[in-house]
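Take a look at these structures.
Next, two complexes with subunit A in common: one pairs it with subunit B, the other with subunit C.
So, the complex of A and B:
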């Protein structure tokens, strides 16, 4: 039952949330317009910001910054069983609350992989149970933490095949399983849990680099063959589909071959997990965006950072959810996206389509006030 | 054949060989010593490998295994000390051999490698929530030990690296803090410092 009276705090939090939701849909230029309008609106209503966030939201709606497709994402929750570690569980619940509160609701919610920490049945079951709470349709991608205990058996029983594609409002969406590793475990006589723990260590040098693999590349080629070069294309992969930093598998070893398949399309957006940070890159017509994690943020790679990336400032160790969050993606009709990083402890950041289109010259996202370290 | 009998038989062979060698005469004392050294080494190797087969747990080369799993920055290269002109004649202090250098680097690295093992092991950190340091700090990244001591606002006092390690052990890791001179704390410090090799000290930096 909805409470009849809301406390001042509840009303404030609701207005604050709406304000930030509205902010995300604005690029820099319209933000200036909107803030001016907001000031006007506030003045006529006799309200002095920041007491109320409401006027900005209204003005944003008037500015008409809608787009055709709009989806939300949650990624990298790394769940242990609840009695082992409840912090990661609470973070995923928070993300599910976030996407359920979106108004209007997104077309779908993408889960970006690494639902479990060690691929155990109880971890994946718990994750699946929590994700059932997502109101919008759910699309799930697999990560290496979900896979290497039983080589995907449990994950597939819950979510089906990890590689699939679908069409939505004229945009072609593809989900890949980009964390295929060459067999390093048989020769070492590793148990399934030893294999899992080796892959689960980001800086573990015994494991092999991620790949999409010849089989899936062939599948991708076939899947895309019926589409013309103008088709807007959005690809989901757990690892970034380029070569960033091999030591931490911020890397897909056959990225060049995959990019070659995608390169004939005019506009391709790749949305990836695994890196737990704000990450932007562009290679030719392929625009790459990372997703935030709900579990913990990763540091930036010590070398090879893409110049387009605006690095989020160093997470505060004293706040376990700082640098974490979820987000939304607005897909423009031609296939490029506005990517929203919805930080739980910071202002949201939007990396607008114009930013990557102009190679970083226009629509610069707000720079963080501190270095990433 | 019991182990004792086997050992005796090996010793027996050695003595027989030694006796033969001593009778060869003109081969010279040096050659004989070298032969004895080799025989002795072979014997020691055989006994050690026997012990390793019996104690596979203790015998594993944990340093090599940990180094294969995780990138460890090597300690500084001191080979310049051995170059002629660097060693003062008539001084005991400063007369180093290759053996000295090898011992320094192996022993130093061993502490660092042990630190790496603990850093990557939630159980060794006594975590109650299965969290280890590397989950936020792969290769020790974002630990910036070179900035300590510094005033840690959230603690309300000046923190040393070990204070921050203990804070992490108690908070995100949900373990029990280590005493400052605990072997595990020493190893963790060693690993974290080693990973920032080449960085200049900037104490107090935020």
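So, the complex of A and C:
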């Protein structure tokens, strides 16, 4: 048993000193070990914040001394016009401040889709205006809330084509438009806003699930054809590129086909938005990570949860930013990532590469101390 | 582990049980006017005077027992296993609490900044330590501190016994270089020798100084307010305005979000840490955070943290200094609002002088900054509604301070009639958004 009156800060400082000692003799390969040890130590003691998270956070940042790629993300802001809802505007501004203060600055900032709530020009203009404040290069992905009022016309005028790829420090990055909907509106004679609101609604029998679609799958096949199987590959999609829970459209209907295209690569990381929560999955060599929203957190699906997911605890309804946030992603040279969930009202959580690599046996992220839902 | 028993649920039990016993203590012992009080150094009332005042305030009770109205079993959960409350320990703690020799220049005692005649705080913006040094934080009241889950406004101390000894070695407060020298300063006193032996069976030592003061402070429970009598069923205990204020407190004004104030938890704190933007008016949080991380990387010792937290601008970072978690930048523990009427000025830096200023601050949604708590919203409270919430807040003062409460209410009302420096109706009523400049 530890002495009774060792203070919070004493314990903290001991942990911290220990950690810095360890850092001195640290190379990149072993940093995760330190991180895991710190985590384990924290977990076995059942320490609640503030002492438990710090070594993890530091280790993640310290790892950046190598040539790894490091980017930040902001996602799912669901902006209304500011007169209708100023809270979501403030949240996106907070996220922009967060990524701008990162030191060193990230290689780029990914926006994960659903910038607007109902795809309206004023909403998208407002979002684009705020995102102009991001200092690092910005990569924008589209979400269904951005698209189905005018089928992408306004969004494309602001951000260009929704499907694209690029290479950065030896890693191939692909951004997909994964929320393609089969036409359900023409036959019903729906107005653009009726169409938009149908897509924005989660649970209805009118729309079909999202797809990447045959055309884009072909594009993806071609885009990847010049790369060998060892190429580190990171794919961005708005909806998760697997089938999680159909009723809420946490689902991509042709996920199996897309996964088949990706499966020849040794290591693939898929980073997705849409689900507004901590979410981890692995299918074969494909490792999936969700992004936090700035607007609101979703509850977890009642079935089909990937076993690797460590569920964040339920949000405090009195604090609209609880369970929300942004984050950082460190891409290791082989293509797998450490994923940081930077919660605004809680301690940050890192899902380390080793966690998914070991199928959840190693480097367990700190489990939240409250139930999820 | 007694620590577990400090959980919120136990707290609920304490008060549920307390209310079941339905004890009401309508003892009113008005303090005399503030004019003729003999003064010690640094503006506090003289120690002898404070001790006499304390004796008038405290009920004759067995200190080993739970305070009136508290369930005895549950109360024990608030008492550390190694520091059961005994008359010897309380007597020792009381002597230490008023002993100025516990400061380097023998001018500052606990009671200097936690003055019995000033609601167990100093009613100043920030506190004055040895050699007239000013700290950066407003002294919280010691009343009911025993019921808090963490101590200090940034929660860097886990227990009252630990907290009680920390100011002794803080360079801007009591200024001893270390605990041993503090213990040495009083170790020659034969009375202390006897008292330490009687209380703990040991010689004078630093840790027991903290324990004894903690034991004494556990007797300073002041929860018998008009509002409590109202909760217990006395409909006439508070005014119609205050009742309306309580309603607003729970609804439109959103206070209850962080200040739970109900039958089962009437402390008025969630024991959590929030950035409400108090120092965002004057501070650049980003720059401070960078400086703090740099300073602590150079010297990660607990002493350095203590020094930075109390003595420098980095104090404004609040909880961040303890956790280095960005979401804690500028956040401080929610204050208890029991006895809030007599513990002005308000906020961690004492910058808000009246409860009307406090309401103005919240009414405009706090001061905009990137780390502002997500629960902060412009409230659109009218003047009448603000008056009603303030009327409610003045019903939370223990009956033993009734006249001081009345005096403060009148002083604050008069001052608020003169100036309301934090009022901004455009923000409060959303005619203007704090972020508008940024997205033009």
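Here is the rule we go by: the second predicted complex is superposed on the first by the 306 of 373 C-alpha atoms of A that agree within 3 Å, B and C clash if a C-alpha of one lies under 4 Å from a C-alpha of the other, contacts with A are read in each partner's own complex, and residues count from 1 in each chain.
Here, contacts are C-beta pairs under 8 Å (C-beta built on N, C-alpha and C of every residue); 3 or more make two chains touch, one makes a residue touch a chain.
Model, not experiment: these values are computed from the prediction.
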Subunit B versus subunit C as contact partner of A:343, first or second or both or neither: second
Which partner chains sit in contact with A:321 here, subunit B, subunit C, both or neither? Use first/second/both/neither. second
Quick check on the superposed pair: does A:130 touch subunit B, subunit C, both, or neither? Answer first, second, both or neither. second
Looking at subunit A, which partner touches more of its residues: subunit C or subunit B? C
Check whether A:97 is in contact with subunit B, with subunit C, with both or with neither, and answer first, second, both or neither. second
Touching A:299 in the superposition: subunit B (first), subunit C (second), both, neither? first
Would you sort A:206 into first (subunit B), second (subunit C), both or neither based on which partner it touches? first
Touching partner for A:87 - first (subunit B), second (subunit C), both, neither: both
Could you look at A:366 and tell me whether it touches subunit B, subunit C, both or neither (first, second, both, neither)? neither
Based on the A-chain superposition described above, do subunit B and subunit C contact any of the same residues on subunit A, and if so which? 87, 318, 320
Where on subunit C does subunit A make contact in their complex? 80-82, 150, 155-159, 161-162, 207, 257, 286, 289-290, 300-302, 305-306, 319, 322-328, 370-375, 377, 430, 433, 435, 438-439
Provide the residue numbers of subunit B that touch subunit A in the complex, in ascending order. 68-71, 120, 129-131, 134-139, 141-142, 144, 154, 167-168, 171-172
Interfacial residue positions of subunit A with respect to subunit C in the complex: 4-5, 7-10, 12-13, 16-17, 20, 49-50, 53-54, 57, 82, 86-87, 89-91, 93-94, 97-98, 101, 103, 126, 129-130, 133, 318-322, 324-325, 342-348
If we count contacts the way the header does, which residues on subunit A are in touch with subunit B in the complex? 80, 84-85, 87, 117, 198, 201-206, 247-248, 296-299, 302, 314, 317-318, 320, 373
